[in-house]
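Order of writing sets the chain letters: A, B, C, D, E, F, G and H. Residues in each chain are counted from 1.
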Amino acid sequence: MNNDTLKRLLRAVASGQTSVASAADSLQHVFVEDIEYAHVDHHRTLRKGFPEVIFGQGKTAEQIAGIMEKMNAQDDRVLVTRLSEQKAAHIQALFPQSVYHADARVLLLEKTPPPICGRGPVLVMSAGTSDIPVAKEASLTARAMGNEVETVYDVGVAGIHRLFSHKESIERASVLVVAAGMEGALPSVVAGLVNRPVIAVPTSVGYGTSLGGMTALFAMLNACSSNVAVVNIDNGFGAGYMAAMINRP
Amino acid sequence: MNNDTLKRLLRAVASGQTSVASAADSLQHVFVEDIEYAHVDHHRTLRKGFPEVIFGQGKTAEQIAGIMEKMNAQDDRVLVTRLSEQKAAHIQALFPQSVYHADARVLLLEKTPPPICGRGPVLVMSAGTSDIPVAKEASLTARAMGNEVETVYDVGVAGIHRLFSHKESIERASVLVVAAGMEGALPSVVAGLVNRPVIAVPTSVGYGTSLGGMTALFAMLNACSSNVAVVNIDNGFGAGYMAAMINRP
Amino acid sequence: MNNDTLKRLLRAVASGQTSVASAADSLQHVFVEDIEYAHVDHHRTLRKGFPEVIFGQGKTAEQIAGIMEKMNAQDDRVLVTRLSEQKAAHIQALFPQSVYHADARVLLLEKTPPPICGRGPVLVMSAGTSDIPVAKEASLTARAMGNEVETVYDVGVAGIHRLFSHKESIERASVLVVAAGMEGALPSVVAGLVNRPVIAVPTSVGYGTSLGGMTALFAMLNACSSNVAVVNIDNGFGAGYMAAMINRP
Amino acid sequence: MNNDTLKRLLRAVASGQTSVASAADSLQHVFVEDIEYAHVDHHRTLRKGFPEVIFGQGKTAEQIAGIMEKMNAQDDRVLVTRLSEQKAAHIQALFPQSVYHADARVLLLEKTPPPICGRGPVLVMSAGTSDIPVAKEASLTARAMGNEVETVYDVGVAGIHRLFSHKESIERASVLVVAAGMEGALPSVVAGLVNRPVIAVPTSVGYGTSLGGMTALFAMLNACSSNVAVVNIDNGFGAGYMAAMINRP
Amino acid sequence: MNNDTLKRLLRAVASGQTSVASAADSLQHVFVEDIEYAHVDHHRTLRKGFPEVIFGQGKTAEQIAGIMEKMNAQDDRVLVTRLSEQKAAHIQALFPQSVYHADARVLLLEKTPPPICGRGPVLVMSAGTSDIPVAKEASLTARAMGNEVETVYDVGVAGIHRLFSHKESIERASVLVVAAGMEGALPSVVAGLVNRPVIAVPTSVGYGTSLGGMTALFAMLNACSSNVAVVNIDNGFGAGYMAAMINRP
Amino acid sequence: MNNDTLKRLLRAVASGQTSVASAADSLQHVFVEDIEYAHVDHHRTLRKGFPEVIFGQGKTAEQIAGIMEKMNAQDDRVLVTRLSEQKAAHIQALFPQSVYHADARVLLLEKTPPPICGRGPVLVMSAGTSDIPVAKEASLTARAMGNEVETVYDVGVAGIHRLFSHKESIERASVLVVAAGMEGALPSVVAGLVNRPVIAVPTSVGYGTSLGGMTALFAMLNACSSNVAVVNIDNGFGAGYMAAMINRP
Amino acid sequence: MNNDTLKRLLRAVASGQTSVASAADSLQHVFVEDIEYAHVDHHRTLRKGFPEVIFGQGKTAEQIAGIMEKMNAQDDRVLVTRLSEQKAAHIQALFPQSVYHADARVLLLEKTPPPICGRGPVLVMSAGTSDIPVAKEASLTARAMGNEVETVYDVGVAGIHRLFSHKESIERASVLVVAAGMEGALPSVVAGLVNRPVIAVPTSVGYGTSLGGMTALFAMLNACSSNVAVVNIDNGFGAGYMAAMINRP
Amino acid sequence: MNNDTLKRLLRAVASGQTSVASAADSLQHVFVEDIEYAHVDHHRTLRKGFPEVIFGQGKTAEQIAGIMEKMNAQDDRVLVTRLSEQKAAHIQALFPQSVYHADARVLLLEKTPPPICGRGPVLVMSAGTSDIPVAKEASLTARAMGNEVETVYDVGVAGIHRLFSHKESIERASVLVVAAGMEGALPSVVAGLVNRPVIAVPTSVGYGTSLGGMTALFAMLNACSSNVAVVNIDNGFGAGYMAAMINRP
């Protein structure tokens, strides 16, 4: 249910075509469906402009499919993140039109791709090759929420001339998402080059004192550039979502 | 130096009024001044739309005053953060027109207040009374960067009806800054109510397992709402800066 | 052996029907049985009102079965927690009347279900779908100890209206158990709505800075509501046990 | 305002003596007063049976006094915790009838002591002499909430016969609060002796690997007795509050 | 080579039967053999009274066998710790007279059992059933170094009467080794009962805030009894070795 | 009260000179005195062979003096550790015969020095000059418990020839206490030279990654020599006590 | 491309044989090749004197092979580190002349071995047998960069005479690399013996409080010898690279 | 005593001018002087080419002066680090020719400045103004050990053009020392520009998640450039010493 459907219903109530009781019932049903193991929150589409996203980790394939079925009945697209290949296989058997991106562990069930509506391009960058899966989760999310997305990969600070060769894309971007593991320095450098908001995503790439991404996270929170805010380790989805939220027209 | 001054200079070069060599000299000087203990980066005003901010902690009052002098010569306003009362007294003696906010530890030297130019109001909230200094640092920063700022204090999640009585302000805001210590739950709840970006600021308020703000930080990074990004502990300045960046028209 | 059996024995001693020596022998045996790798503590049923529970993790299936045999001879019910499916299969072959709950990893060997005896209903809530196994361990434990248990799942703080739709259950409860991972904010919000004790259970659900449940744990220990106490990460059993202890008539 | 006052008002509304509008106004005022730096939550007395407690740390003496004034107008008692001697002096000058307990850093402003109404005595124990301030904060809180409180101090596990000499008090208690620093072992031992709920309070007493109370906290969360739940480090107030909540008749 | 062999050789040098050069050669060889991946330190038997022990973890089966071959040629017994079942199978094929204790992951190659020579019995205790493997590593080590060893298992502090039923063994012991996971409280209680040295061994038994044994370790280092010293987590071998060292006549 | 006094009393009971009731009374009094803020444990002298030691930190000067008074009435010596200079001044005014060692923060109240009774000399070593206070706390304790003590200071591993020049003392020692901060390597090296037990004491000397002594602690727990056990950071008292316990004849 | 090739090209430009535009094109191509998932940085050979090394972990075998193909076309040797056996098999099928060192997880593709050009021998030491793989990664790297490398393994500080028997090698070395796990004490001792730079490599060898190498790392950063600098845990490659950099003539 | 003095003495022994016994005596004295609280290691000048440096923290002013007196008798210069202003005043009264650098907390007692003898200039950089004290400790040390030192301050990565304006100094340097706090990214960027060894010094500048320098430390250990090695937090002395060691001709 989107805003249009809602308004139609309310106008019917206003005009007396639909009784209050029946409208309430149908809205109640429409908003939150309680299916034993989950409260599917259709209200979110109204409140947020994008349906609830299913966090695949820690849910069984059966639970995910059950939630998808309810959402699919009312929403234009369903996004499942952190979905293992094994569960994806189970789900694609039930929803053959869904597309699974194995490296980003994202599944997208989409009737039609959304029109581009952001204020400008979202640029998604990764410091290394190993950070690409996280960057991809971000770009798939931002694209699914109606944004033009550009990507630049493997431009870590140890060879800073590689970064500068993409200056044009950097300056054109409306919002930037920068994924980096190890010392997590890239967002600080990039943010120093632009006057746009930068969403930094620490990744768990590295070993030893990278501490599973904690070092990159802490480094990013200490970025000497001030136009940086940070999301959880490996949370490409959150970065893409936040970028889309900022980029709303 | 702002964009207008720069363009005037460049037009003079274009028209032959000013030689390239002399323009380069004056620009070089204008951009980065090296004063032994600091590189004052005037270029930032052009690049970022806001002059470099002086981080007061760890600098001597003399160093801060030295940098302010250089900036004051070229910029409309100078913001000094994390400035102790003792250093502030030293500086206010030199810059009598500056205003010091003791609770937020912020000093502002401003010729004229900037016109409001953001896309909508920035709402700054605090979970408790003790989080107000951090919230204030955020609101002073956002205001100094040309934003209309609203504030709501002491609306923590333990008495959630207090929060709901401010629903109107929450829904009107273009960007939200939410400061909270202890369990850091407020940003998650607030973000669940809106479809706008929320900048979460963990504060060091609490004791024991609040771990100096780390618990609030980690909780915010795990917010189940996706429209949340986080800045460093007690970094009210960064939150206000990021909000202003997002709120640019 | 329960209080009745004990009193019968003591009356026999008092009346001279049983000699002190023989009573001591039988009590000694009854209280603590030393079976090489374990001291089975039958005394606990007298002392605590509920037999010792077997913590399955780190014990071999043979050791667990050996302890169950001793307990089964004297107690009305035996609860085994943290029992892997593999060990459960081994044990169910020996105790076919036992019931295994795979998601909660709990095995219950029970002659008759205990009568309801608590002061009121125990409400067990989970913030997300992935927290259900921990919540279930709590509800199975509380039920096995003679309590009426209600459950409400997937009502995290990001969509707080989902929580409010269960206000009635919340207000009716005598004790509440609230399981949450990630930012662990739910207990704080729930505790703010009631004047009953809330037992918070952090779960290891999440990734990155959820730190395997440490973030939820620390957040709960910092709950701004004061009617909250906390148990170990993923310790559904402990939460259910503590709730039952509080709920004694 | 307590339940009686509320009911009187509502009856007046029911009988037409008071108009709905005027009742709403007065209730609105009664429930939450917004005094710039704080939302004083009178509603809590109704919701929780005990007025909001003022957490003194991080608030100025002026802010605390301001909140006290509002609460004092409507509540029977006001409790301020974590109050430094310096702020206490400021406040006692304004509220001469208030009593300050310097070791527990608690100030109590109380018209009449509350009648005893708990189900049985609350026993507050400390492992060492240095843990007494935290234990005292717990016992003052529980007493202020209408409970009979017994105390036993300095009975750490290294001389376990000291503990056993208090077995009678231990067995008589309805709820137990056990404060311990260093290795935090006392709650586990005490809980093993009773079938009543034990609230464990880790204290920051110790040095080196006591890690400011984290070791005691973690040890308590790992107590092998199951009738234990834990509150934050040095949170004597929370322990006393939770004990009172559990002990309600 | 033991002290006797050494003395014989030196007497031969003294009497002129053996030349200095040839003695030096043979001693050089005897003391440290360099076999590419290891310096086998025969000198240790002289220096320490017990041959070097092979730490199996992180070495290949081939490397372990190579070192054993060198040691076996000169020493009465070889102890291999932290040896996986798979590597043990490989080694037992080469040294069929060796004995492998799978639960303690210890392999012992021993020509004759050493005579008992300690000052009194070493008592090895475990708090739970799951701590037995670590306790066993300690008792095997102490026995192999010539000590009488007694064991008492599963006497954790939650049921303290189980502990007291072994008071006789506790008081008879010359040195005590106490293994415990979770809250690690047992060493503190036991040490309070005796005036003998207690070696505490934290184990990694537990979950959540047991932090893989760190909580037990820190608790033990904070034991309020002073006759306690601690070894590394799960280091049963070290505890047994240290106990033997203390127990030397 | 020591063993002799106790036996005299018991013989009087046996011979009928003293009634059981009066003996019990006097023993009860003798064993544990409850003085509001402390249970003075005279029983410990019997149980441990050394009276309870007063841990000065966290107790007021008044509390310490109160406990000393009780102990002084029955014991030959009283040791107070972690005593600040300020509190020491207060106490020395009341007990003028007491001796305060400011660097080790130890106060000793001793009628006569105890005779030497250990199995051999205890050697106390420090890695650096800054570790001397901790080493001194250890040597004062061991001496007060009847041991001959030798000391060697400032022999850290960076100039290992300094260590070897004390080889004779090292080899003569019956037990060794080794205090070290920073990288904490000295115990490992020293233990490799002897076949005697080594008690390692990490100190908080260092900065940055010395983490207040945690690094030295962890390094010592990982000592590749097996004849090492460890006490808490800066716990010179515990090391000296443990050494004395091991060195009993 | 190396310096010679570059100079030839530039001379061709200088002499007019090659146009500026065509040279720029070919240089552009030569410097950084963008192959979707990676920016291959040929420029590094010029800038650093050694081609970019491929960090194998987190890249697919296909990605590694793709980067190798590009590098192989221009560089004399390609080094791949942290390469699993499985990926190595895939790569060796494509580059049959490459050599894979399974224990060090290093693959080397080298047309001709580089001539020795360092200032003196690089000595690589390991404290234990289990540290050899890391030491080997260091020595393979240093050798591939044109250095004479000596190795000494298993000379930990617990048997310090083993170390001294290699004094000659130690004193001859121009730079030293010292790998150690557990307590990480070896670099401190070795650095105390020489006046050459020592690169310390902590390894993850150990268990319990070795904390996956963090303890060794922190100990090394606290080395009381000042001629020590440290690289990441298990970073044998970095140590060898840094040693080569220092050893340049 | 330096190498020349030593050789003169040895030649006198060789020629019979000095007896072996008397030479040994004088050497023994010369090498290590034991002054109760310290072993002054004169041998180090021979072994290391630079006298032992006095770490001022944790030593009393009297102890420092005592050690200086011994060193001053034999060495050309004495360096004291981490010396508080208060202790410095005490020492300068005794050694009026010494120079104290208050910001770097370094005192230098030097007869004549050492001649420049390194392979090239050492470049010391700082990321911010607040990092200057640490950078200064490094440059004073390197200069005192005979190196030409250049400094560049306040060139953090957020304004990367400031860094590039010093490219010439960067490329000329033989060794680089880079001090940075907060996110610690500067060494990685600088190391990417040169093929010289970079010594990275994390500083404790920052707040919140800078964790007292741990974040910068971990980031530097994860530098994606390989020509970086790291010293302890705020260890400017160690960085300067290591740079001098590397720069030896």
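Just so we're on the same page, a contact is a pair of C-beta atoms (placed from the backbone, for glycine too) under 8 Å apart; a residue touches a chain by one contact, two chains touch by 3 or more.
None of the values given here were measured: they were computed from a predicted structure.
Minimum number of contact steps separating chain D from chain H: 2.
Spacing of chain F relative to chain G, judged by their CA centroids, is 50 angstrom. Remark: chain B and chain H have CA centroids separated by 38 Å (rounded to whole angstrom). Chain centres here are Cα means. That of chain A falls 54 Å from that of chain E. For chain F, residues that reach two or more other chains under the stated contact definition are 128, 159, 193, 208-210, 214, 217, 221-222, 232-233, 235. Contacting chain pairs (ordered by label): A-B, A-C, A-G, A-H, B-C, B-D, B-H, C-D, C-E, D-E, D-F, E-F, E-G, F-G, F-H, G-H. Of all residues in chain A, only 31-32, 36-39, 41, 43-44, 55, 57-59, 63, 82, 202, 204, 212-214, 217, 232-235 touch chain C in the complex they form. On chain F, the positions that touch chain E within their shared complex are 47-50, 53, 193-197, 199, 217, 221-222, 226-233, 235, 237-239, 241-242, 245-246, 248. For chain A in complex with chain H, the residues that touch the partner chain are 127-128, 156-160, 182-185, 188-189, 191-193, 206, 208-211, 214-225. Residue ranges on chain H touching chain B, taken from their complex, read 128-130, 132, 153-155, 159, 161-162, 165, 205, 207-210.
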